[in-house]
Amino acid sequence: MNKIEGLIAAPFAPFDNKGEVVYDKIPAYFDLLSKNKIAGAFINGSTGEGVSLSQKEKAKITEMWAAQKPKNNELKIINLVGGTSFVECIETAKHSEEAGVDAIAILAPYYFKPGNAVQLAEFCAKIAEAVPQMPVYFYHIPVLTGCYVPMFDFLKAAAPTIPNLAGIKFTHEDFMDFQTCLNFENGKFDMLWGRDENLLSALVLGVRGGVGSTYNYAAPLYYRLIEAFDKGNLPQTRNLQQQSIDMIRLLGKYGGIATGKAFMKYIDFDCGEFRLPIKNMTAESFEEFKKDVKALDMENLFSVL
Amino acid sequence: MNKIEGLIAAPFAPFDNKGEVVYDKIPAYFDLLSKNKIAGAFINGSTGEGVSLSQKEKAKITEMWAAQKPKNNELKIINLVGGTSFVECIETAKHSEEAGVDAIAILAPYYFKPGNAVQLAEFCAKIAEAVPQMPVYFYHIPVLTGCYVPMFDFLKAAAPTIPNLAGIKFTHEDFMDFQTCLNFENGKFDMLWGRDENLLSALVLGVRGGVGSTYNYAAPLYYRLIEAFDKGNLPQTRNLQQQSIDMIRLLGKYGGIATGKAFMKYIDFDCGEFRLPIKNMTAESFEEFKKDVKALDMENLFSVL
Amino acid sequence: MNKIEGLIAAPFAPFDNKGEVVYDKIPAYFDLLSKNKIAGAFINGSTGEGVSLSQKEKAKITEMWAAQKPKNNELKIINLVGGTSFVECIETAKHSEEAGVDAIAILAPYYFKPGNAVQLAEFCAKIAEAVPQMPVYFYHIPVLTGCYVPMFDFLKAAAPTIPNLAGIKFTHEDFMDFQTCLNFENGKFDMLWGRDENLLSALVLGVRGGVGSTYNYAAPLYYRLIEAFDKGNLPQTRNLQQQSIDMIRLLGKYGGIATGKAFMKYIDFDCGEFRLPIKNMTAESFEEFKKDVKALDMENLFSVL
Amino acid sequence: MNKIEGLIAAPFAPFDNKGEVVYDKIPAYFDLLSKNKIAGAFINGSTGEGVSLSQKEKAKITEMWAAQKPKNNELKIINLVGGTSFVECIETAKHSEEAGVDAIAILAPYYFKPGNAVQLAEFCAKIAEAVPQMPVYFYHIPVLTGCYVPMFDFLKAAAPTIPNLAGIKFTHEDFMDFQTCLNFENGKFDMLWGRDENLLSALVLGVRGGVGSTYNYAAPLYYRLIEAFDKGNLPQTRNLQQQSIDMIRLLGKYGGIATGKAFMKYIDFDCGEFRLPIKNMTAESFEEFKKDVKALDMENLFSVL
């Protein structure tokens, strides 16, 4: 698989109002991303509440996303097999391959934390070697996993031992580590930037792909940003990044990750609420939220259905 | 179920040298605990590597432990249904009930962390209400889960909403919070102390039960400690606690939790190694470790087969 | 100097309503402690806002406290020379000696943090060797200094290199580390427990002295607790510790350390407010606070003027 | 004072081999910076070991730096008055003004931490209002102070209350917060980027000035980087940032901040060693270090004497 260029959305898990997965919403979700030129879908990740789903639910979601591929083979499907048991991760990895996704991603185990890069690489190798034909990404998000192993050290340990390692989804603000990984072995690995609010600071280092949750509903904003950057129009690029920040600031104001599903509702693609332990917005807050979103004055920057 | 008095061991998961669970070792494990007057087994916990097992493996381990109960009904089996998905926790809780364990325990979700006591209680209630006849413990171990909600706040939120809440396994050094929970609603809840190295400091506050990993292999040490305390022999009690500390210090020296299985090997009840991402002792280190254990000069304080 | 037995208060810095130190209040403060059988005063510490005072203010406060000694030589004065510059700490240490205090205490530097016990011991040795005749305590309070070096490791490094090391004021909930230090070299060092809310859990380990802020205003509570403990009356001891906890919980409710000065006002020994960056209670909050204190129903447990 | 454009070095404190300040080295230090086109000197900061100096030493260092100004008035002197006592900070601020520095900087108090932006702004205002004619910078370095208040919140609180607030030295990797501050009130404040290893990711956001320790000895590297960026030559810019990273990685390898003084020795401007509690390189390590520096192959990128 080549490196992924462009925006990779991390889809939300679509729930009904009883909190059950609505698998039938996935075809339309795929079309939404496809229509907005999204280059990939990183499913069952943090945004997708992979950790709040059962293995069975994750498997069915995976199958449903993989089944959409004939409609647009350019839209790559990466499945996060994340978990704390490598035994279960291997099951999920094999199932992902059978289902036909393009790649899998592995998360650092987040209960017992690996003490160093070698242990982390050994954990990942166990899973990767079970699906030797599949490209494997590592998903680095220390704020949630508690595993702060530098990715440069991880690559030094994993590059020689995991032949199917494809790259890293890097969701951490250590740009020194990130840039070093970008340049590791002549840029061999596919480094995907995972902080939408800092995309510009990563683009300037040479990255060409990003994974994020706001690409679900505001893809045009970021594609304009990338276009302006490629044209060397820095003032416009900065303005667009600041608009992204103003939008993302609402997540802070309204309580965090669950606000993403409020944005989806705002663009008329209702995915329900987040499961516990995530707290959702009240109906009253949602009305206030809508006013705040309107005040951002960025209507033409949201994804279109 | 009454409050549990005495030592509750958190059994190790028995693996063979390929890392597969040896279910057939569980009957002998039950006998080991029983012979050493252990009051309960807290299975699939941190020590039991619950998070490193698959759902299927956990289910089979649960069945095996529950099946031993006829041999000694006083030895209570508590199964940790811990996980980050309440859907899967409910499945495990129901299976635990069918299998015949005495109680279940719930862990704070450790990827997305509950923001406050109310959210934590709501998460637990979801699971507890699926098995309304089962006593339910909360397992408080913030150093691993990252959930630092005070247990006093949790009890205030959970006592009125979770009728089958039985108590808390408290593995955290906040003695102020612990004592307040002990005295909550006239001592209604079964508070189980979870730090073997500080048992004495908890006993003095009035606790009567503890859950720990070193009770697997050094039960006599702690029963003597409790006996000395009950007799008011403080100098002896302190000596015994210091011996426990000297023993536990070897865990720090030899790399942490995996050292527990080295102690099991030392008392001739080999449970194999820990699964990744936990690092195990090398064979060389084990030889050095054995010398260190011998130097502790506490042969008659280890559990007997 | 012998080990200190009993309660050591950490006096508040007395300010007027313009935030200036009222040195003339110190004689009465000494009398207050003396009358309530306090065994020592740990001045210029966290409670005493040492870090918020200028060097000159600290020096004058030290002189004033030392000047009270003729009234009661049993009330030991320990001066925290804490700071991040050992050059300035040495100046303060020498001045402390000249002023006539009984001992000094050293804090871990809290901007650049020592990487290990050896570096910490070297830093302390620099200061201690400038006043070789003075007993020196180390003040361990990692939650404020960010220096989490275990005290057992510190003692191993410092015992052979700092001949005038007298002991440790231990304000951290690591009872395993604390007990090991208590027993270090046959109990050579004077270990002073620094968490009032857990005094009972430390007493049971054999400690005979404690340093705290609530001993300023609630000494009788703790002396009764110690007396009950010494008599083996555990139920009463636990009740008294729970009363201490209920009192201390008001610090959490009313915003932290500044609540201590509200307690001083409550017992009619007004020390003014805390300096910035500490936030003080509003006048309205203080009225509510007084009601809460009255509801504790512990009038005869407060210190008497 | 206008915004500062270009590189601001944070000078090391020059010590002799007994650890005493060598004030007479400062004129040559000023010339070194001047010759390498450095736009400012941020003295008594983290690199300058302000916290490890006595008040008197800091005052004398300040006077010495200020006295060099006639030689090059374009080289601005900013003095960090940092400390935990605002009383002492005010003394230092007034002395700085008398000595003739161009601006002062204030650090968040790092023992008692401000609970929110308003408290932090109140603390800073106390000091700033004592020198109303002086431009005042806030120095944001949460990894050392433990004060993680977002700077956007700080500006909202401080902009209306501190008329002489000039800007922020921002040493933290939160680019979202940084960019928002850059754009705050139409770019009113002078935002100085404080992470040399990420300068490029800040330049792209529009910043024009940076404060750092490596600008003491590798100014040409960064001026070339800025020049390449301004010309739109991104490949060269990235290479230069990667060279900066490779150089900075040696700080990690050789134990941290003290490595900076080894670099100074390498360029033949010996500033002695760091004071305790910072650990210095051994003579053996220094020989190995020199080989590593040579292997970087960046001779023409170091500052020239």
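Read from first to last, the chains carry the letters A, B, C and D; within each, the first residue is number 1.
Keep this in mind: a residue touches a chain if its C-beta (ideal position, glycine included) is under 8 Å from a C-beta of that chain, and two chains touch if they have at least 3 such contacts.
From a predicted model like this one, the values you see are computed outputs, not experimental measurements.
Would you identify the chain whose Cα-based centre sits farthest away from the centre of subunit C?
Following the centroid criterion, the farthest chain would be A.
Are the interface residues of subunit A and subunit D largely the same numbers on each copy, more than half shared, or largely different?
Answer same: the two copies use largely identical residue numbers here.
State the pair with the higher C-beta contact count; candidates are B-C and C-D.
C-D
Roughly how far is subunit B from subunit D, going centre to centre by Cα mean, in whole Å?
Their C-alpha centroids are separated by 50 Å.
If you average the CA atoms of subunit C and of subunit D, how far apart do the two points sit, in angstrom?
36
Send over the residues of subunit D in touch with two or more other chains.
none
Indicate which of the five shapes (line, ring, star, complete, other) describes how the chains touch one another.
Its topology is that of a ring.
With touch defined as at the top, which chains are paired up in contact here?
Inter-chain contacts occur between A-B, A-D, B-C, C-D.
Can you list the residues on subunit D that touch subunit C in the complex?
Against subunit C, subunit D makes touches at 46, 51-55, 57, 84-88, 91, 108-115, 119-120, 122-123, 126, 144-146, 257, 275-279.
Show which residues of subunit A lie in contact with subunit D when the two form their complex.
Listed in rising order, the residues of subunit A that touch subunit D are 173-176, 179-180, 183, 197-198, 200-206, 232, 234, 237-238, 241-242, 245, 248-249.
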